[in-house]
Amino acid sequence: MRTVSLQEIAQHNKKDDLWVIIHGKVYDLTKFLPEHPGGQKVVLKFAGKDGTKTFDRFHPADIIQRYLSPDVCIGEAEVNNSGEQEPEVETEEDKRVRLAREKMPRLDEMYNTFDFESVARNILKADSWAYFNGGANDEISMRENHNAFHRIWLRPRVMVDVSKIDMTTTMLGDKASMPLYISATALGKMAHPDGEKALAVAAGKRGVIQMIPTLASCSIDEIVGARVHADQTQWFQLYVHKDRRREKDLRQKYVHEGPNEFQDEEINREGGAATAMSGIIDNTLNWNDLAWFKSITKLPIVLKGIQTKEDAVLAARYGCAGIVISNHGGRQLDFAPSPIEILPEIMSALKQEKLENIMEIYIDGGIRRGSDIFKALALGAKGVGIGRPTLYAMSGYGAKGVQRLLELYQNELEMCMRLMGTPTLADIKPEMVDIRNLKDHFVANPTDYLANLSYEKMVPRGNLSKL
Amino acid sequence: MRTVSLQEIAQHNKKDDLWVIIHGKVYDLTKFLPEHPGGQKVVLKFAGKDGTKTFDRFHPADIIQRYLSPDVCIGEAEVNNSGEQEPEVETEEDKRVRLAREKMPRLDEMYNTFDFESVARNILKADSWAYFNGGANDEISMRENHNAFHRIWLRPRVMVDVSKIDMTTTMLGDKASMPLYISATALGKMAHPDGEKALAVAAGKRGVIQMIPTLASCSIDEIVGARVHADQTQWFQLYVHKDRRREKDLRQKYVHEGPNEFQDEEINREGGAATAMSGIIDNTLNWNDLAWFKSITKLPIVLKGIQTKEDAVLAARYGCAGIVISNHGGRQLDFAPSPIEILPEIMSALKQEKLENIMEIYIDGGIRRGSDIFKALALGAKGVGIGRPTLYAMSGYGAKGVQRLLELYQNELEMCMRLMGTPTLADIKPEMVDIRNLKDHFVANPTDYLANLSYEKMVPRGNLSKL
Amino acid sequence: MRTVSLQEIAQHNKKDDLWVIIHGKVYDLTKFLPEHPGGQKVVLKFAGKDGTKTFDRFHPADIIQRYLSPDVCIGEAEVNNSGEQEPEVETEEDKRVRLAREKMPRLDEMYNTFDFESVARNILKADSWAYFNGGANDEISMRENHNAFHRIWLRPRVMVDVSKIDMTTTMLGDKASMPLYISATALGKMAHPDGEKALAVAAGKRGVIQMIPTLASCSIDEIVGARVHADQTQWFQLYVHKDRRREKDLRQKYVHEGPNEFQDEEINREGGAATAMSGIIDNTLNWNDLAWFKSITKLPIVLKGIQTKEDAVLAARYGCAGIVISNHGGRQLDFAPSPIEILPEIMSALKQEKLENIMEIYIDGGIRRGSDIFKALALGAKGVGIGRPTLYAMSGYGAKGVQRLLELYQNELEMCMRLMGTPTLADIKPEMVDIRNLKDHFVANPTDYLANLSYEKMVPRGNLSKL
Amino acid sequence: MRTVSLQEIAQHNKKDDLWVIIHGKVYDLTKFLPEHPGGQKVVLKFAGKDGTKTFDRFHPADIIQRYLSPDVCIGEAEVNNSGEQEPEVETEEDKRVRLAREKMPRLDEMYNTFDFESVARNILKADSWAYFNGGANDEISMRENHNAFHRIWLRPRVMVDVSKIDMTTTMLGDKASMPLYISATALGKMAHPDGEKALAVAAGKRGVIQMIPTLASCSIDEIVGARVHADQTQWFQLYVHKDRRREKDLRQKYVHEGPNEFQDEEINREGGAATAMSGIIDNTLNWNDLAWFKSITKLPIVLKGIQTKEDAVLAARYGCAGIVISNHGGRQLDFAPSPIEILPEIMSALKQEKLENIMEIYIDGGIRRGSDIFKALALGAKGVGIGRPTLYAMSGYGAKGVQRLLELYQNELEMCMRLMGTPTLADIKPEMVDIRNLKDHFVANPTDYLANLSYEKMVPRGNLSKL
């Protein structure tokens, strides 16, 4: 492999003649440019230059080897010994982030998922925050996911011996310390340099299952290698790419690492990086393809993204081991209903068809409190997935933040079970939740501003609040 | 035609002796003054002076020829060669508008209809903004029109081959690239100097139908002349004036330009210019008049402004080719329900009477997202009309803005169809939308200020937001 | 009658020896002090001094003669000729009011009832504003009165000849230009020096009926004398005092002025002046007393303050000529429902008992728009009463303000009738209003502040609004 | 008992060698430290020093004698005669509190419970305010408790003789001046130095019953001793500790003071001091234990914290004299429903089982208005308990504040009964309240910020309010 001088590289700095240094190697990205899922702009920024630092914010180290043909590698970049290395200039945003990180609360001062979200908002770069926090269109579905839990009220029983609370369970046959798993979310390194490895560590330490994303920013080897103990379960999320062979490669290489496999029909295209990625997803995927999947693996297949009872029944009939009711965190289709709203009608349809015992039902989206988990279980879920909260917790505090987050969920669920009079998961019954308003979507009349502004608001004596 | 000196003109500057220069000609407007639909004030401002610039903000160039008798024209105004031309003074508002326009976002940064509305609010003169943006009374119906779509949730199906999405359709027999048309809105030049011509261009380029307003600020010749290709369809909105003959003139002159004809019972009188205009509308219009209309034309007649199932059934019985369910953008009667709310009960009544196949059903009002179009189609609409958004898009960016707007609608509808599992319009079914709350008008209890203000609101750690 | 020196008067300045000058006469108010409905404080302020100016803000000139025995009058106060007259000092509040009045909008710029309310809030003294604007407890019922109209939506019919709109009607047999009357409100002089006379003038000029309050701040002679024409109808509100004879006096003296008589069970005690007044009201009043009333008058008796169907049926059975459904403007009992909400169930109960044609049904409370009148009529009301809006209109503009207010109501009702396709009051039918949500009292869940504050709100491009 | 020098005490200032002076005595708290319910931090602050002042903010004087073995007492602390006494330094918070107390409104200016709450917020130390004001998780249930009363509307009857209102009643056989009692709340001294004694005085003066908390900050002797008259009833709240003997002691010592006994399954563990306390509560408590309780006492047992009809029926079957429907002020389990919401279904279940006459039903939580009491009675409650409002009233004004508070409740209830047409408690009937919306939990759709911010809000002319 030849050594290429920096001077030579610098000359290939145009759209139709584009070389970039990554991890000391020089790549000709001219042909790849239009196919880059993250768009052309970010690549062109490093035309004729070293793009390693930005590359590492998004990608696993081995991604070039896996996706591009070997001949795009021109050679090794000359090492810069001139002492003329460009000084790192701190941008305005770098400064904002640095200062915000200096003021970050201590980890033991974080008491709930919203604390983590608020801190993440302060300390993340704007692009990372926008990517993680954003939802489709008006972000109605994204917010509705948690919102819907507020329409479910509890019916606590008293005078029950709750001195011992047991929330251990199994998911697809594997043990878990609680009925919660870490769901697959793309591009974890945008939150923290450890990326999905941090999630693997936290999951292992707290005894919960992690679902590895197709679009991980760490390599599968790295994520699997980060496991805390040998029998730590990991699931694998599978997007179906247009060129299906690549997924087969991936699966054949990695499924032995975790016992189970997730197949996810998620189609992520709401804008920015996400839109670009959707270009590589197979839009022809349909029920008939499931037969083919079942023919090539003995792993249990779980279908993620189910949103109607009709499709839940189909999934059971097509032999899925489970489904995840999900609207993909409200990132794809606005006004897709929240999973918790759909759960009862799916359970009811499966029961009517006598299919309720052949599949495990999971939900993700909007799980922000231990009581949310309780409500999902009462309505028939085997467990729940959490996505964004893990990214937010990781943003500020890495694996330890995620551990703390999982501890908070566990504590809240334990307290909820104790106060509900349910010492074990088996004690949690549908009649313990009041869902009469679950399907009611209340949209207030447009505000009567004239009447409101004419009215002089009452203020309690001595009040210091702002209205 | 005699040449009249500026000095002579300047002497006719009173209410009972009123000459005004428009496009170089001198008119005696003394008798016309009380009939001016836009009020007397704006005319008197130019008594004895040149009113061309303001005239052009509202009117087609040929309007005087069409509406006034030839003898009001006194002659040609002397050309001012004195070099003493009044210097143009920039008013405070002109300055505000100029500065706002300088800061306008680039067109490719506009991502949705609300971006266009917000930009229009900044860059329009106050009178234009008030005229376009205003609604009747408390503007409840105006806002409810979009609001009501929030009460409809989607039921997305998965595992459907959505690699090809086809949203082409026909309306009254003519092809359209998508199930959307540009509805008639008055006085387009208040938004942009190109007025309705800009809409014609954008409609042609994006393959959608334009409805030409009765109260256009461009002449029909101009709007028809602005078409991009020869078979571009335009519809014509017909207000019925007290003096019905004028409309007959208009129609006989122009209907050959576009294949179809709209008859609109819209009565626009909510205040300002709009109120004035209502004086010229025929309030006696009733169902019996429809027979007369049908006797004088073979063009299909579509009745705009239907708001009850009873009237929809009558329209079908009276032989209309279609109806537009519309509350006129909430500009007329506050607490008139939103069209999307009325659509299902109209479809159901037509079906009960076996009339659902003899008319095409359109709705307008509040269509702001691609998913709004999807919802309307699922509930039985053949297509939807958009009004204000085209004015807002035109305000800042002319025809190109409207093209961008139409592209955004199209992209959003395509994404929605893909994620709903509906490759063609025929796949869109009523059971794909959940309308259980559609007719629920939730008005919150008056706020309990004492309790709210006594309560200390929770704030997440590290939060920087304002409450 | 002896002349009393100012020096002598000044010595009687204690609670147990209390003289006050009013309109040049000296009164010994020692015994009356604890019975003063407005409290002792305001009287003691003028102990030994001249209280005329403040007296006139609340009372008719003849009130002392009517309520107190002649021997409380000590004599005539010495006329102050010393030139040492106390200079009028402008208080901070006087100044605020003066400046606010200087900035008052022109009357023709007032477009709706809320404009009048907002102006009144600026220009009234704090005690007047608090007295007029206040409601019971949390002011839920007060605001709910108008709020409830927002739960009623319209069903407009099209293609109806609406070239002529007729809204004239009769009330208790007397003609009215529209189905609206001015309801009785106490202490009108707190709003404007002309007090209830201003209302009489405006009512006469616009052809509507005025209900004269028991607790008027003008004498009945003054209010009756202010009528614009001889056959102008006035009704009389009758509180039943503990000492019933006084009301008899009043009635015998004044009922010949107006053709009808209102008997009002209103019990006004929500605080301040109002609370004090309740001390003089007869709490024993009950249905049996109605027989006695009917035995002493041939005037029609209308019972005001009905709030249930049970009491409406009783009122009919006891021979009332009408009822006013009213919660007294939400001034008495918080969570008393709005009259418009109760109207349909009362109509339905009367129909069931075949009593709907023997009484006229009125409502008051929250009528702020012409469409509110339309809705009330559609649900069975013969007419509506307006209270606070007349006080607000009078505050800034006297009788002319009230005329403008009545004109606005009339214009709005006319426009509403035109756009609803109802040329006469008889065309207004129950099926034209959608009341399915009328009885739904939506109280939002407590706000989820943590989730709300963590969420980054979307803002349209170019937006200048505050959230 | 030996006298210990300050110098010697100062040397025992470590976690594993910890002496503290309290009320002049020296205690070795080394072993007790980890068991301190309020945490170790606050104790360590006074290691080797005098902690009396802080001790007195939380504890009854006799608590050490009652809970710790006598041998922890080392001796008497040397009296400091050196003149070197540490000067009292005013902290920032002390200063804030002092200034706020100087600006406190006069007691006769306090008109409702919210006034007291707002004043308390200003004048309490941050830890006291947080302890009293806080609720579980998102504080939804805490706020919902009062909120739910807003879903109940009244049906007032007129023409009833209401000249005399009688609201006296009995509770568990004892007389009360109104159907309200002061509920048990922990750590009253954090609100006011008089602690629960202030409540005893106010209760006695106003003739209402007080429930003495298990976790009182005054000794039972003190609270009982503070009674105003000999037959003043006090109830006793009983937490069941892990070591049950202590409660037996307490009960044997004190039950003769008050005629009745409350048994409360409250489990207080929402954080801070509260969490620590939960460690001492017996989590194994269940229905079988009730038999044991009944075997050891003839006092009536009332079960507090019932939240379902199932448990209410069980309580009746197990022989309880009464129940308190309560979610513990929303301090324990968020999304536990409000007691007023559960009351009707409990009454209905008891009636169905013919158990409604064998138990008295109470509710607590969110009672903030006289009308709240009326609503609870109409739905079947024998009386209501108030908690936080007494602490707030006490914070600023001691016993006199609580008396004023009780007077306000009484006045409001009297006015409500008068205006409802119910002269006695027996006249209050279920049909007088409209509960059709009581169980509706309305959660608004996520806000459409783009549409809201694009819209230009209407503002009435002359308006000075902020939006």
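Residue numbering begins at 1 within each chain, and the chains themselves are lettered A, B, C and D in the order written.
Keep this in mind: a residue touches a chain if its C-beta (ideal position, glycine included) is under 8 Å from a C-beta of that chain, and two chains touch if they have at least 3 such contacts.
If you're wondering where the values come from, they're calculated on a predicted model, not measured in any experiment.
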Interface copy of A-B among B-D, C-D or A-C, judged by whether over half of the contact pairs recur: C-D
Degree value of the rotation bringing chain B onto chain C, based on Cα positions, nearest 5: 90
Chain A-chain D separation of Cα centroids, rounded to whole Å: 43
Separation of chain B from chain D, taking each centre as the mean of its C-alpha atoms, in whole Å: 61
Residues of chain A touching at least two other chains: 111-112, 114, 117-118, 121, 138-140, 143, 147, 150-151, 440-445, 448-451, 453-454, 456-458, 460, 463, 467
Residues of chain C defined as touching chain B within the complex: 111-112, 138-140, 142-144, 147-148, 150-163, 369, 371, 412, 415-416, 418-420, 434, 436-437, 440-444, 447, 449-450, 453-454, 456-457, 460-464, 467
Sites on chain A touched by chain B in the complex: 103-105, 109-112, 114-115, 117-119, 121-122, 137-138, 140, 265, 267, 269, 271, 283-287, 289-290, 303, 305-308, 310-311, 314, 327, 332-337, 439-446, 448-451, 457-460, 463, 465-467
Residues on chain B engaged by chain D in the complex (per definition of touch): 112, 114, 117-118, 121, 129, 133, 138-139, 143, 146-147, 150-151, 368, 442, 444-445, 448, 450-451, 453-456, 458
